[in-house]
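To keep things simple, chains are lettered A, B, C and D as they appear, and every chain counts its residues starting from 1.
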Amino acid sequence: GCGGSDSGSEGGGDDGKLTLGFSQVGAESGWRTANTESIKASAAAAGIELKFSDAQGKQENQISDIRGFITQKVDVIAFSPVVTSGWDAVLKEAKDADIPVILTDRAVDSTDTSLYESFIGSDFKVEGQKAGEWLAKEYEGKTGDVNIVELQGTTGSAPAIDRQTGFADAIKANPNLKIAKSQTGDFKRADGKTVMETFLQSVPKIDVLYAHNDDMGLGAIEAIEAAGKVPGKDIKIITVDAVKDGMTALAAGKINFIVECSPLLGDQLMETAKKVKAGEAVEKRILTKEGTFTPEQAKAELPNRKY
Amino acid sequence: MSIIKNRLFWPSLILAVMLVINMFTSNQFVTIQNGHLFGTLIDILRGSAPLILVALGMTLVIATGGIDLSVGSVMAISGAVACLLISDLGDQNAVGSVLLIIGVAIAASLVLGLWNGALVAFVGIQPIIATLILMVAGRGVAQLITDGQIINVQSSPYATLATGFFLAVPVAFLIAAAAVALTLLLTRRTALGLLLESVGGSPTASRLAGISARRITIMVYVVAGGFAGLAGLIYSANIKSADSISAGNLIELDAILAVVIGGTALIGGRFSIAGTVLGAVLIQTLSVTVVAIGIPPEANLLFKAVVVVALCLSQSPDFRAKVFGRFQSRPAVEKPAVEKVVTP
Amino acid sequence: MTTVDMTPATKGPEINKRRRVYKPNTKYIPILATLFLLVVMYSTSVANYENFGDPSVIVNLFRDNAVLLVVAVGMTFVIITGGIDLSVGAVISLTTTLTATLLQGGWPPLVVLPAVLLLGALIGAGQGAVIHFFKVEPFIATLAGLFLARGLALFINQKSIPIRDDLWRSISDYRIVLADGVVTKPIAIVALVTVLIAAVVLAWTRFGRNVYAIGGNADSALLMGLPVGRTKIAVYTVSGFCAALGGVLFSINSTSGWALQGNGMELDAIAACVIGGVLLTGGSGYVWGTVLGVLVAGLIRTILNFQGDLNSAWSRIIIGVLLFGFIVMQRLVTRKAK
Amino acid sequence: MGEQSPVLEMTGIRKVFPGVVALDGVDFRLFPGEVHALMGENGAGKSTLIKTLTGVYEIDGGEIKLGGVPVRIAGPLQAQQAGVSTVYQEVNLCTNLSVAENIFIGREPRKWGKIQWGKMRRRATELLARLDLDLDVSAPLDTYSLAIQQMVAIARAIDIDARVLILDEPTSSLDTAEVEQLFRVMRLIKESGVAILFVSHFLDQIFEISDRLTILRNGQLISEHRVEELSQVQLVEKMIGKELAALEDLEDKAQRNRERAAEAKPLLEAKGLGRTGAISPYDLTIHEGEVVGLAGLLGSGRTELARLLFGADKADKGELSVDGKRVTLRDPQVAMKHGIAFSSENRRTEGIIGDLSVRENIILALQATRGWTRPIPRKKQDEIVEKYIKALQIRPADPERPVRNLSGGNQQKVLLARWLITEPRLLIIDEPTRGIDVGAKAEIQKLVAELSDGGMAVLFVSAELEEVLRLSHKIAVLRDRRLVEELENTADVDADRIMQTIASGATS
């Protein structure tokens, strides 16, 4: 990377410690909090001084946070973009100030990829695909109609859009897999529950629920149970994230399948930051280590879940 | 004729239309299942309980000419407090302890309301900014309480608040109904309603009529805080967990909307409890209808916009007069023979 | 029509003489108090944080808050008449989405720019017309406007759309060097010019004075023969236009459009006005106050950014605490001075 | 004049409000160069007629001709453009703006579209000087008293280049000197050919200034006369539709009671009570059953003096005792606990609560003293309200009507009722007869006399010196925000005597 060429310059603190400015999207979910905690913990462990700021879900805040980091002359800037596009200008400013940038969790769609060193994070579209593929496999060979309801994330947010399209792509080949209703649950547990209540009332027979995150799925489970149905059996449930609560439900058989979207990318970030600062080459795309879980896998994994 | 002139006629009509739509789209509208009522209508009634509670408090605040933006944060705090304490209980199903904890959470909400009221009445800060402070900081406090995570509880007495049934009727709905009754009692059986409307109508004139505007103001914020706290408990009991981030997020907008639909003017003065309840149920029905008729998420807002526009226009007497005016038979009036608009 | 010639009264008896009533001119005190507190807050931060004294901190304040500044200026007009405009954030999102979509569709930028500005103004005018002609509460009319504008934006495109148009890019990249190491961007200049124009309009034009009169007492204003309806519609038009301009600035700042852009901006704008001493009941306040309000909010954010070790919960609490301290001090200083 | 054609001709004007026919086929003519008085009781429809003319209300029937041409006026702006300039009954100005702006808003001197503030202030100062007022024209209007606001409204109206000038009760809170100024200006305007429509409940003023008059009763046209054709008694008869019951000689009664009152127990004593910038420290003792009148010119500080005794403003000097015990009136509530009541001169912003009904407005103060937990039973409310609606002849006699829709005079009566039902020991009434018609005025005066007979002390503030003289046992004279003299209202005290005191500024 170009940013690292003048390593050993003045930046950072007087103690020669590496300073990392990190701008988080916000604190919109437990997943995000875990993500933040991971970054903080890893920074402390790696001896990196972390400047953290929270954009409260607003791009304008995030842009000004990044500019703030530039003014503060931090060594490396990292951020989880609120939205995919619109970063060129501020990234150019960072480049002009010779501060390397690392993206986490969400990508940017800039055409000029030299504006950032690396992107660490999962691929939402792939997550949706994984969910769809599992479902296709479940119903392989069966021809009866399968009614799917989908609980989408916040309308217009990148994970919601990508998880939707990824999933739809993966089940496209099977005409019997039909999305009967799709509605936003805003990534919230309570909204997942109310929307599911209405789904249950307005869709004659629901076979599968696909929720864009665990929380909505958990809310929906409440609704399903209240309606006298058995989650996981009467209605198959697929979610994304694999937070602790979701894994517990998965282990209990209330959820059938979870695609992991790990928030724990702190270590990878610190490692990359150090490399970038030292001028070493880093991979442009670093995928977070993540998998998928079935109930059995969940039982084994559960004791290790921290978040 | 006179019924059409009633402010609440049109919202009621729109509500009725939406309920009818739901009747057709839903598998069960109202049935009895396992000895209690069940179905879409019941879901709506139960689901609107938190909004009704918040909007009730908001009505009183607005009647005095104020506004309370902090209700969502208060909801989050009360849910967080309750769940944190319950999750520490040895036996989460101990009714006594849960009741006590509910009391603690509501007390906390009342204190938060008191804080708002004091800022408005004693420091003299404009209500919108005074409550904005708690709106921003309050959610931070709630996040601190839950440590940014969702706290789960497994307490059936607590869950009863939202999902239980009493005499076949949902408990949440009963709580909301009780709150409505209490508010009606407070405002119409005592002189509080009159004093509120008077303070909202003209603070100066009220002061000179010997009304302690301060005490009244503080009181309404306290009541609003308490109701918001109760709403927060129902919200969190419904999902058996405290979600300090999304609990009550943006509910202040819905609550204000409910109040305005109900015919209470934002500048204060006359208020209508019945109208507010109607408004709240209408908003809840609207979001259920959106799902029930399968409006795609990206069109949700457009649909809502159409309904709100229809609502506000139908409620405007001027709109009805201007648009439907010529269809109504009016007492014959002699118009001036020659009409000429004067220009200088 | 005859002009009345009123020769000055023959001096009446001594007892008829009226004295001037001297009262200190208190109308600027809130603004001065706010400015004073802002300076105090800034200097404390300079003392506490490394690099805070860098002039670019102040310069960036204007650039980072350019959109809010423009939107809040429009909001100031509306609030002074005693109204409120909740649609501004949504108009921003619609503007950015539309701008990006049209530019992507190959429309010439010089057509897109006036078109979206006009659209914003039209949305504002429509809301104003509903408010005036049908006597619908501003809150509910503009809330419907919010749903409509954001609904349209989401309907056009849910995703965020990059803008690759050359004009947009070049304005976005254009650097105005103020001093060595201190640069700003055109959007900040546009925002400042907007503020200046607004200040002049409010203080020096008939329209501006009508805005104050209506906020003071709309019924009286009507009886005094002021064009109340026209003015009301006009302020919402101004606000809609400012929101659209804010949207354009946003799309330049980020070279993208997104339907969720500017979410919640209405509250920020209202808060900025109120912090700056504009009364929500109408009839009183200045654009300069609003500017200070925006700067207060921006400065608080900057302080949090420099502090750098707060998690989300604590940063919310600190924002609240700083806001609280500021408002209370403002009240106390103002009260003392009066 | 008869040969001239009318500049304004209204025929068959009809205006219906829900439940009330405010105007029922009223004809009205106005000739150039005349002062035409519009007469009628409270609620007769005078203000409504004016508002239909200026387009505030749309008419339900009839025709309006201006300069012989039938017109439809859409609103006050169009009326102004058509040459009709109006001072409405309730002072309708924007008190948040400066005095100068209130005079010129909408017509500001401009250059390149930019308002010339300096020129505007200069012209405002000049204009006010013609009304013999010297104000700081850049101060916000709300720093001035209602009377001054009324003068400002007049200044605005006469500066508008008009062929018809309408003045709806412009003199209701002015005192003699101001009225004289106003009349002088009115005569000048009239001479220039402008037609003036004038409303007032002061019969003397009517006979002094007007040329012709039109009488309304209950929304109907009764008759139109030249002023010379009628005597005051005949006029009143036509207005109220019956002979005015002979007034008891209040003045004599006041004389008789004077000594009794002076010997009664002191109820309230102010010693060196004052407030910086509002009123210099003053001493005043009010005994039980005593009527104390306050006399002074516009802006002499009568209102300020009275407000301190109610805690409406907080005194920053001196002390006050009630029944010999020291009290601090932190706010009105405390004063009310001590049996003090205060009806403000500014009924629109400090008195009525427009949205609330007549009933609610009347019981408001009584309810406030009881606190919110002890509501007045509805039956009792209805009883009280009905009684006072009758006693004060509040019209329309519908307790559930929003008070905003009542005519100005009737609103004033509602306020009086509000305070009377609290049965105060000291009733402070600031301009209680403002805008009240002859009949009702007499009733109110009688009421004050009766109340004082029954032991209630009254502090009576009125711009009408005669009224003060008729009712008071003791008169306190103010000048320049200072209480300059306190005199017993003996037989030899008359208006001249008091004016002298004001002029000489003697200190007691």
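Quick note on the criterion: contacts are C-beta pairs under 8 Å (C-beta built on N, C-alpha and C of every residue); 3 or more make two chains touch, one makes a residue touch a chain.
In this text the structure is predicted, and so the values were computed from the model without any measurement.
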Fill in: Number of steps on the shortest touching-chain route linking subunit A and subunit D
2
Discussion item. From the C-alpha centres, identify the chain that is farthest from subunit B.
Written reply: D
Discussion item. Distance between subunit A and subunit C based on Cα centroids, please, to the nearest Å.
Written reply: 35
Worksheet item: Could you state the distance in Å from the CA-based centre of subunit B to that of subunit C?
Response: 29
Worksheet entry | For subunit B paired with subunit D, centre-to-centre distance based on mean C-alpha positions, whole Å | 44
Response to the item:
Distance between the CA centroids of subunit C and subunit D (whole Å) is 42
Worksheet item: What residues in subunit B touch two or more of the other chains?
Response: 143, 148, 298, 300
Worksheet, complete the sentence: Touching at least 2 other chains, the residues of subunit A are 27, 33, 36, 155-156
Practice prompt. Would you please write down the residue numbers of subunit C that are in contact with two or more other chains?
Written response: 154, 158, 311-313, 315
Fill in: Each pair of chains that touches, named by its two labels
A-B, A-C, B-C, B-D, C-D
Fill in: Residues of subunit C touching subunit D in the complex
1-9, 12-23, 25, 27, 204-206, 209-210, 212-213, 215-217, 219-227, 283-284
Fill in: Interface residues, subunit D side, partner subunit C - complex
54, 56, 75-77, 79-81, 83, 86, 88, 92-97, 101-102, 105-106, 108, 110, 113-115, 129-136, 138-140, 143-144, 156, 158, 161-163, 177, 180-181, 184-185, 188-189, 192-194, 277, 297-299, 480, 499, 502-503
Item to complete: Please name which positions on subunit B make contact with subunit C in the complex.
Response: 69, 123-126, 128-130, 132-134, 136-141, 143-144, 148, 253, 256-257, 260-261, 265-267, 298-305, 308-309, 311-313, 315-319, 322
Fill in: Of all residues in subunit B, those that touch subunit A in their complex
25-28, 33-34, 39-40, 43, 47, 143, 147-150, 152, 163, 235, 238-241, 243, 245-247, 249, 287-288, 290-294, 296-298, 300
Worksheet item: What residues on subunit D touch subunit B, complex-wise?
Response: 12, 14, 60-64, 66, 69-74, 78, 81-83, 310, 312, 331-333, 335-336, 342, 344, 349-356, 360, 363-365, 367-376, 418
